[in-house]
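Going by the order they are written in, the chains are A, B, C, D, E and F; count residues from 1 in each one.
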Amino acid sequence: MWNRNTDTFLSCVSDFDGAGIVLFGAPFDGTTSYRPGARFGPAAIRRESYGLESYSPHLDRDLSETSVFDGGDLELPFGSPERALAEIEARTELILSRGKLPFLLGGEHLVTLGAFRAAHKKYPDISIIHFDAHADLREEYLGERLSHATVMRRCHELAGDGRIFQFGIRSGEQGEFIWSAGRTELHRHNFNGLDASVRALAGRPVYLTVDLDVLDPSVFPGTGTPEPGGVSFEELRLAAAAVCSNCRVVACDVTELSPPWDHSGISVAAAVKIVREMLLSLATFNEEE
Amino acid sequence: MWNRNTDTFLSCVSDFDGAGIVLFGAPFDGTTSYRPGARFGPAAIRRESYGLESYSPHLDRDLSETSVFDGGDLELPFGSPERALAEIEARTELILSRGKLPFLLGGEHLVTLGAFRAAHKKYPDISIIHFDAHADLREEYLGERLSHATVMRRCHELAGDGRIFQFGIRSGEQGEFIWSAGRTELHRHNFNGLDASVRALAGRPVYLTVDLDVLDPSVFPGTGTPEPGGVSFEELRLAAAAVCSNCRVVACDVTELSPPWDHSGISVAAAVKIVREMLLSLATFNEEE
Amino acid sequence: MWNRNTDTFLSCVSDFDGAGIVLFGAPFDGTTSYRPGARFGPAAIRRESYGLESYSPHLDRDLSETSVFDGGDLELPFGSPERALAEIEARTELILSRGKLPFLLGGEHLVTLGAFRAAHKKYPDISIIHFDAHADLREEYLGERLSHATVMRRCHELAGDGRIFQFGIRSGEQGEFIWSAGRTELHRHNFNGLDASVRALAGRPVYLTVDLDVLDPSVFPGTGTPEPGGVSFEELRLAAAAVCSNCRVVACDVTELSPPWDHSGISVAAAVKIVREMLLSLATFNEEE
Amino acid sequence: MWNRNTDTFLSCVSDFDGAGIVLFGAPFDGTTSYRPGARFGPAAIRRESYGLESYSPHLDRDLSETSVFDGGDLELPFGSPERALAEIEARTELILSRGKLPFLLGGEHLVTLGAFRAAHKKYPDISIIHFDAHADLREEYLGERLSHATVMRRCHELAGDGRIFQFGIRSGEQGEFIWSAGRTELHRHNFNGLDASVRALAGRPVYLTVDLDVLDPSVFPGTGTPEPGGVSFEELRLAAAAVCSNCRVVACDVTELSPPWDHSGISVAAAVKIVREMLLSLATFNEEE
Amino acid sequence: MWNRNTDTFLSCVSDFDGAGIVLFGAPFDGTTSYRPGARFGPAAIRRESYGLESYSPHLDRDLSETSVFDGGDLELPFGSPERALAEIEARTELILSRGKLPFLLGGEHLVTLGAFRAAHKKYPDISIIHFDAHADLREEYLGERLSHATVMRRCHELAGDGRIFQFGIRSGEQGEFIWSAGRTELHRHNFNGLDASVRALAGRPVYLTVDLDVLDPSVFPGTGTPEPGGVSFEELRLAAAAVCSNCRVVACDVTELSPPWDHSGISVAAAVKIVREMLLSLATFNEEE
Amino acid sequence: MWNRNTDTFLSCVSDFDGAGIVLFGAPFDGTTSYRPGARFGPAAIRRESYGLESYSPHLDRDLSETSVFDGGDLELPFGSPERALAEIEARTELILSRGKLPFLLGGEHLVTLGAFRAAHKKYPDISIIHFDAHADLREEYLGERLSHATVMRRCHELAGDGRIFQFGIRSGEQGEFIWSAGRTELHRHNFNGLDASVRALAGRPVYLTVDLDVLDPSVFPGTGTPEPGGVSFEELRLAAAAVCSNCRVVACDVTELSPPWDHSGISVAAAVKIVREMLLSLATFNEEE
């Protein structure tokens, strides 16, 4: 389909046709308002993945047993969010059309909209599980409707009321919290209530979007808008595994790693490990189908 | 009174006369013995405040609804702690004389002494609530009586026994801990006992001083003397809100952010959010009076 | 005209009406393709200007003797280069309409186009003196016509052949060098030939644009696209002073400082000193008129 | 006239003959596969120890009351792990032969093997308590039998089954976890089960090895292989104190601080405090003998 | 021959069989005595090559016109210099056996020995042109005969007297300078004398080894042993081009980039540009044959 | 059994009585107005000296042949410049009284005053050769007479007119330049005129003070007040060697290294090499006496 990129995420050496999951990167941060750099996220995640084991003692599974194709990064223009989203949507659509699970690496959180458009086209009744520090529910931000701060509002325009389940939220404008009432299921600070949501969504198609700034800045300093008071790594790992293992996840993403802001490298290490755990959990689920 | 400085803390755009709270900075770190840089604290807090929302979902209030005047920074000499303290005291006295609440941004912790002198002059029965990793109770340090390591001892000379309530303390000389017995109420490691102190001080004037190194270094690496084993951001946020909402705080400060030691910027983000939460809690209290 | 921003460049405390030069910032880096961060340039230049003297021993003049108004930064959207350019153009036009010299602080180099559009409207026969490591003469870049890599090509569309004098150029596509023949006067590597250009332009309106990456990366690491083999600080200082003192500069800019890539702060120190020297030279010229 | 400058760990000013504990460094990281720099660990621990108090309020003891000799660092070749281990073993043997407790500062974790060889020679029935994120039980790594990733396997060859008690383990190959069954007592993630092990080992000789990457990367970013999801500082402090106070520790080490990866300095502060707490706990034990 | 690695140096997209030059990396720094990290050099050079143009205005040629195969990195063990050298030698030999030019990216300078062994086998009368701050002529270093500080001594054992031409040397033990007399042609500080050497070697096989620390630390801070007082980037560029264009270079290397020591990225930018210029000059030469 | 760990400058292992030169540090930066951290200078110079050779090919001499005692650092209070100066003066006096040459490592430039007071007491006709970017001739700075910005003015009060020879000066207030006329011999930008001064001072006692910010910030970013447009390393090395070899230097200092502002370590490498070259040149001179 496209040529294999041999600089892949750790142990993701399947080819496209044989893959159940397709990893690809969207190195875009064109609407980042505070600290840019998420464009370097996908490359950093691949590169630093070799500092981690391919085996997860948490799940007792190894990436070498899975069939993941790493398709490399899209080439995206800066300065034109709509064109970037169109390319992400097209790529996601292609992957879905082959019966594979698209796993998008951001980039800023706006990239989710491109992938979700494609997923929503295939699964019109799809729900979103959203981990984030920020509600991302603004109508517009700095005069723009397409922004990392509006992405869930745009997704809501497609998905409709009652389809978006938000966890970890601890920041936003007052208007976002008011607006969300009756429209999204917004859980503050942590993952309380996730189990109920997972049960409620049983068997229905789910898009999982992980904005890594849901983590506490001590764990994940390398991001565009660090928000104190977040969850621990173990809390996120368990929450992501719960969704990936128990929901019917048909597409997902991990966004907002901005490597230049963390010279220590712990942020990319956290991102890598979350991606590994999600891949292993998703692969498990797929096999069980 | 003095000219408005339009490079203010986020949304603190009141003028002096209309303000209930007056924010001002004391960029002094002349006695810092280990890692200097707290002089850059106030400017960094203002600058990075624009990375945060003005709205707090924790308190459901917005800075834009408050009346805070940001008076900018004092110009302080290095090499003369006594002169620096005199200028801080004079400025605090001016603010108090107009019936406003002074909110001081350090600088090293010694700056507290200047503000407390003024507060004690107006409220001779004032108590201190003190959040810190260090007891700061030495008689002298490196041969000097005026030092970040002696500041609470100097405050005690004014306030007397039973007036200082210390929380989070996990470092000091043996002599400080011995000396404190019967003189200050010293709580180790965390905020256990704070609720009782808050209740005991009901209605009485309180000076709240927050040395941000009470936070764990993972949350707040950018400080002069990081001390492992501290509190989480949420613990500090709740403790500060408890005091600001339930005590009669007549003056306060936030000190010891040293930006050069944290390139990731999470320390200043933590400082900004604590200042926002304190401002919103204090404004609430004032209105309720 | 607009309110005075008291967080100004060193000693630039004139008000708008009394000013001969108006400094303003365009914190935009929306088309930066490699290392973003130029959005933080104007604020860093102001902030760090206090580490320098206001007096230049090179010119034996002091900023306190000049009449410069620092108008602060424009609020620009990310994700829409055309809108950002429109705001820069409007602001420049306003300054020019009052008979003042606009001095723009970038931001990425694309911001020049906004200011040059306004200058060209007022002075249709205006020439450009351009200091840069890169030719910036592409027809488009990553599919976009508005980009830091196309900015001189867009300016040429307005100015026409023989109006753009480029110095220090040491990078570009082959096509840019070929295209430039007969259209721009392109000098490679350094400022050889500048004196002749300055003499040739005597008395005619000039726009001076300084992309600071013309400096060697050792002197100026904090930029989006460092290109080894550049000029020394003294070479740039003398070249900028030659233009500002001997040409009829009617508008100018200094661009491409990207502070996050240089923790040592020498890049911003170089930017600050160039701005000071240009301001002092321009003020000299204006008085001599 | 005046004495030469001695650079010791904080307050460890005993001479060799009078010392009960001998601190020494092994600045070796020759097999580090991911992020080198542990060679700078011992010097950083000494240097930054002066940022901490010599008094521990946790233990109510002061280093000035102990008798610790800081013997400085070994000079070790890079490129020859076997020779480095031989030098560490010889030095440890010398210290043990004088009836003193060797306290080794790494360096990478492989250095443990040198010290353990000496300890095992003197105490053939010795057990190991091992705090680490990684199991370190591989037969070989990148083709080498001597590696930071194989060190516990090599120790097992000496100690035999049932002698190694591992805590905090959260990473490794699948084969390591399988191999450990029946051979080592491997506890995952945290220190659950430590109390039982301490009781079981009562009165028997113990070697305590602390790979500081058992800490969460937020607390300890400065290490060769950061592994998200670790223990807090307080958890490690209490666990180390439990072993040092209640077991018959005859030798110990603290390894894997890699200062270049943490500019904020919180990692070295954590290492310093753990060393202080261990020294104070061990000295306590020795006196009680 | 081996599979194409699609994460290549900029525009080096030839396949092995069609290539005239074969680029490959040796990520080894196992004998680095001071500041490790050269192991990350080859990956950084590839990754950051996309920040540079493929076209050189200096040479008026473009990498897209050349036939360079980027073979990726060898997998080398740490802790065994001899085994690492054997793998480098084998790979170099393979490339030479196919009539192609091996271009090795270090890694520390010891890697040169592996490649030179292979080149010397094929060309027994080969000479070395050596750019470096350090003489690297020790008999042994820290007890080891294989070290970055002994590499030219080891090469001399193969090449013999009068075959090694050293430039830029400004550091070493006294013994190295004495020993070199009559054995190597050692030029201090800069490239004076290079033209004569190039002429003297006309038509004879040459191995060019560039230790990038020959550059001044201001230009190239990211290296293991920075030595003040080095050459400028332009001096190195011209010297390397002179050798590559005018000598019969049959193999070459560029070593000692250590990315972790330079967060600004100017060191890797310098390395990338030197590699580009050498590739373009060598390709020129080959065609002219 | 084994000797205590001594931490000296590279190869400076003489004892006090046998030494001709005594190195000592004054880790003071209490009046630094811009970027503090010079307090860490002396320790960094010692520590990093081991990255350099003890042999200088420039001078063909080796530190191991000299007799230098490294006396470690003074313990100085922050917050009291006068007390710090008194301690520096006393220590310098002691060294001079034993007929040895004091070599002071700063710290900020104010420390020079302490050492110069002692030298002036012994040699009332002493002259000063001063390398610096800044004139340091203010009457007071931020209200203080004792400051890094006033130190040469204070020295002038002791030495009188015509005794201070300044080189490299490129920054100051206008008043400083006016005041210097007829009082100091102030040379701008570089070392032009140094040879004449050296000849003029032949045989007369000289105090050499090197503020390392005379270097260009590209070479020496790690300093409190970087000033673009400075000298190269080789220019400083040759100038310092000229003074140390040809003048009768009776005391000297090297100041203003501020390590926290340069993570790359090139600043400390430059400082170390200048100290080495000065030590070797001074030792030469002493022997030739």
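Throughout what follows, contacts are C-beta pairs under 8 Å (C-beta built on N, C-alpha and C of every residue); 3 or more make two chains touch, one makes a residue touch a chain.
Just so you know, these numbers come straight off a predicted model, no measurement behind them.
Chemist: Enumerate, in label order, the chains that touch chain B and chain E alike.
Modeler: A, C, D, F
Chemist: Would you kindly count the fewest steps from chain C to chain D, each step being a jump to a chain that touches the current one?
Modeler: The distance in steps between these two chains is 2.
Chemist: Could you see whether B-D or A-E has the larger number of C-beta contact pairs?
Modeler: Comparing B-D with A-E, the pair joined by more C-beta contacts is B-D.
Chemist: Which one of the chains is farthest from chain E, going by Cα centres?
Modeler: So the chain farthest away from chain E turns out to be B.
Chemist: Count the residue numbers both chain D and chain F use at their shared interface, divide by all numbers used there, and answer same if that is over half, different if under half.
Modeler: Answer same: the two copies use largely identical residue numbers here.
Chemist: Go ahead and note the Å separation of the Cα centroids belonging to chain B and chain C.
Modeler: 42
Chemist: Between chain A and chain F, what distance separates the C-alpha centroids? Give it in angstrom.
Modeler: 56
Chemist: Identify all positions of chain B at which a residue touches two or more other chains, and write them in rising order.
Modeler: If we look for residues of chain B contacting two or more partner chains, we find 35, 216, 218-219, 261, 263-264.
Chemist: Mind listing each pair of touching chains for me?
Modeler: Chains touch in the following pairs: A-B, A-C, A-D, A-E, B-C, B-D, B-F, C-E, C-F, D-E, D-F, E-F.
Chemist: Which residues of chain C touch chain A once you look at their complex with the stated criterion?
Modeler: Chain C residues touching chain A: 29-33, 35-37, 39, 75, 77-81, 83, 142-144, 146-147, 260-261.
Chemist: Report the residues of chain C in contact with chain E in the complex, numbered from low to high.
Modeler: It comes out as residues 34-35, 169-174, 177, 188, 216-219, 221-222, 225-229, 261-264.
Chemist: For the complex, give me every residue of chain D touching chain B.
Modeler: Going through chain D, the ones touching chain B are 50-53, 55, 57-58, 60, 62, 216, 218-219, 233-234, 237, 263-266, 269-270, 273.
Chemist: Spell out the part of chain E that touches chain A in their complex, as residue ranges.
Modeler: Against chain A, chain E makes touches at 3-7, 43, 47, 72, 263.
Chemist: Would you tell me which residues of chain D are touching chain F in their complex?
Modeler: Touch list, chain D to chain F: 1-2, 4-8, 15-17, 43, 47, 70-73, 94, 98, 263.
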